[in-house]
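Please go over the structures that come below.
In the two assemblies presented below, chain A is common to both, partnered first by chain B and then by chain C.
Up next, the complex of A and B:
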């Protein structure tokens, strides 16, 4: 066959951060979904054929806001591949890293992204000028959390110390002490910031669907747990507590999501039992509310909301509750770590082998899954990363259509405003979503 | 990251046109690269070429020549043509 030249002249211009929101505003959910997947898909492509040790390093580059959770989840999944059991001290350090991740992500989203929306400020700086004390508190909380990531993880963004089997370097005891000392003030600040979110004008909204999160009987699950699902359509007993629900192991649950994704390849809708689902702070509170730490639970009581709730606008309030809870939890863990003699702590030794592993950790925006398959020399044969944003996009679309149907004769501008408000409540990871 | 995505984008479009025209292989991909800045970083022709070649492994474009014409005054990047059989 002779050579042929095909003239294309396809102007491809990425619109940057507006792209994801732009697609939702235009009702192009499938396109928006492709955008949410792009970051993860390209990274997955580069991982196949690489040594397992590169996966945590490379996957943490998927996202600029939540690199730590990718690193932690990658390591956890690889530890499943090689049947590695790490010590309880290692788990505590990792929990602190993840809690710190949630704190700085929530503080950023709540004060600098969400609040301006609710208070009708187009300019975040103007709003910060109106609330200078709270702005400073949000910054101080973030600094405390990111510095903690530095001390334990070795770097503020992409961790260096965490690895399969444990940590390359233990944190300095005097450094950990400093964070415990400062944590009282930080807790007060978190409570003050949270107050801003208790009395906001949340739209009245409800919609059938599912809320999915990790759950554990002994603590408010962030780092570990089984998947539990609150199915709103079942209209069960008012106070559904996580412990009354049956849990599904992460690896089994991921299989279910994958099947559904494959079946809906073109439309890319992720459903569970025929209904889209939400993951994130509100899902966690709905299912695990009874395990919140004391101050967080107290604060939630004062909000006077009937839980569990399907009003996804309350995801913002849920994040405010978690802000308090996570600070309390880090305090608890730091107190535990004070009792440790670090000279006695050991990393787990292990042998690289052919294996498979799925790990799930609650990222700030919802459950994150990493799956790896390794060969006998420890090279990655296969991998799959499912981000929370990719999972809840179908629910965002569903909730948007229900929400908008409640209003008659919306102007274009009003409509756009309402859509943006809901997107903001869901808190999609714009970083993961728009690379 | 952005030249990586641009490379992926360009390759996908090339492959889709190649498939539509029943190409068995792509010999040349011609791209026009204007100024394109994201997060304060410019997409560089060398990086773009490297990434396209890397992503093309295992596809019908694996041995393709990548020609990038830099057009400083323009904005964005354009897939001009593909050559193959």
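Up next, the complex of A and C:
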């Protein structure tokens, strides 16, 4: 019989609804569960039989904070189905869109959802009142990124412009230039916000497990790459990461991960080689930190933390590093785009056919996979969507159970705070997970 | 003398929460509105659970009831609020998740949950007005945050908010957006209730009428014209498929009668 049951109903300040339940046996937490509270939307089930062109529209409705990555991953997977090769300009615009998505999601999570835990505030509005300058910077960074999403994607939430083959409408050149002009200020703000997160007191924690992210030899992978895995158990020799690691194609990797249905729980738990794994900002930094842009890399040096690390609380700091990196990367891409003569840019033409395609893109919270199989008229025969939160939920539960066994003597209130702090450090998106 | 601020709750049923993120995207403008009201429940910003006996002046509800607890919460909120305003496509029309109503929903559930499907609660997705009395709508998937600002400025001045009956085409023309219908794309703009500021046609995406049709539409005229442009066969297919995306098909047929 469990000695003590800890239950936290309706976790706030995160995307989607969930509760926590832990069981302490003889002073040690033996179990920790996240109980998700979103209804089954059956997105994949309803997509079967629909025309392929609807998939980006419908799958973006999975999540209101990261609709762009669903939209883009659907488009990219369908382009694999039909063997479409889009132009480099299309790829650059999509990269900017995805980077901007990461920025606005991270800025919101870092400052408004996670920071109150570190500074001991229940109410975000109160905290923002105490740190008005920083709050304004977080809002300004977010605004810069969401405006960019609007200009390239056509709308911030549930984007519109992307389609198989390219863009329905190209962004206006002079609009893009405005963002390049503003990028210097935004970069400075991102650096200041990041410093705030560097100087926080992170709980000490370690646990075994895998960290999985997209990786590319030439750039910090967000839009494309192969899957790489950092195993905390074997790879304690920290030199073996980045280029030396062996990559796996996304289409092969999805066959190696298992989705497990649970009783009374709508989110399937995902494992790789029978073990839970982490994906998200910390996995990306752990694997790809040597490809960070200049300012982000410099900042990481000053943090004095030995990456790769298995302390998942550092996911918060990793997001702060990415905030800087993504602003720099967008600036680089906007500079590249300045050289382009838009009159020459065209969408790829293609023929709808029977086919299969898997695509993976790094969402703010980790690698998102979409798979589609179409018939010769372009109707969807099969599909699967594996979201980042579904992937790391088992790891979160595992980390929570280990973390809590270290806090046997805390008061209930303090323990509850620690639980919430860890959950929010993972930045779960329950809406995505329960699609 | 300072007036008592309106007690407002912002609640999501099963949803993507995109309508609330659209509000946060307003940035400072949203925080200014939040200052003028007593925002007693908004889980994206606050941890505290307010007492069960709390009474609200306005409750905004986003999303679809897909869990049993979603239904309970909706009914409970109705009993505790003076006004219940539905926010966004899901709450207003049933939205995207209602696509299961047009297919074999048991089969769809079995596809996603091959082992546990029999235990999964799998209701038809309903617009909220079919479950409780509602006092207002801010439509669109996701809501147009500007429309929310307009709504709040009416409410804060004790005026009642009303959506003006004019089509999405009106807003397209104001913005000088090239007509997609004329290009041969199946755009429902002429029939669709405006107020969204026409983001879709502006982005080259035909209107899929997520806000629903205007009250008095001459459906037959539109159908005749659109068939001329895109052809009979394509029209039949588009009509059936596109109008299912935001669960609008049944609403159109009604206005046709």
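To be clear about the criterion, the second predicted complex is superposed on the first by the 374 of 435 C-alpha atoms of A that agree within 3 Å, B and C clash if a C-alpha of one lies under 4 Å from a C-alpha of the other, contacts with A are read in each partner's own complex, and residues count from 1 in each chain.
Criterion: a contact is a pair of C-beta atoms (placed from the backbone, for glycine too) under 8 Å apart; a residue touches a chain by one contact, two chains touch by 3 or more.
This is a predicted model, so every value here is computed, not measured.
Applying the stated contact rule after C-alpha superposition, one finds that A:125 touches chain C and leaves chain B untouched.
Judged by the touch definition given at the top, the superposed model places A:48 against chain C, while chain B stays out of reach. Residue contacts after overlaying the shared chain place A:343 against neither chain B nor chain C.
A simple residue count on chain A separates chain B from chain C, and the partner touching more is C.
Of the two partner chains placed by superposition, chain B and chain C are both touched by A:61. When the two complexes are overlaid on their common chain A, residue A:413 makes contact with neither chain B nor chain C.
In the superposition on chain A, contact is made by A:6 with chain B only, not with chain C.
In the three-chain superposition model, chain A touches both chain B and chain C at residues 9-10, 12-13, 16, 38-39, 42, 45, 61. Partner chain C is touched in their complex by these residues of chain A: 9-10, 12-13, 15-17, 37-46, 48-51, 54, 57-58, 61-65, 67, 108, 112-113, 116, 122-125, 139, 142-143, 146, 153-161, 167-169, 261-264, 266, 420, 431, 434.
Residues 1-14, 16, 38-39, 42, 45, 61, 435 of chain A touch chain B in their complex. Across the complex, chain B meets chain A through its residues 1-2, 4-6, 8-10, 13-14, 17-18, 21, 23-24, 27, 36, 38, 55, 75-85. Of all residues in chain C, only 12-22, 24-25, 27-28, 31, 34, 43-49, 64-67, 69-70, 95-97, 99-100, 103, 105, 107-116, 119-122, 141-142, 199-200, 202-205, 208, 241, 245 touch chain A in the complex they form.
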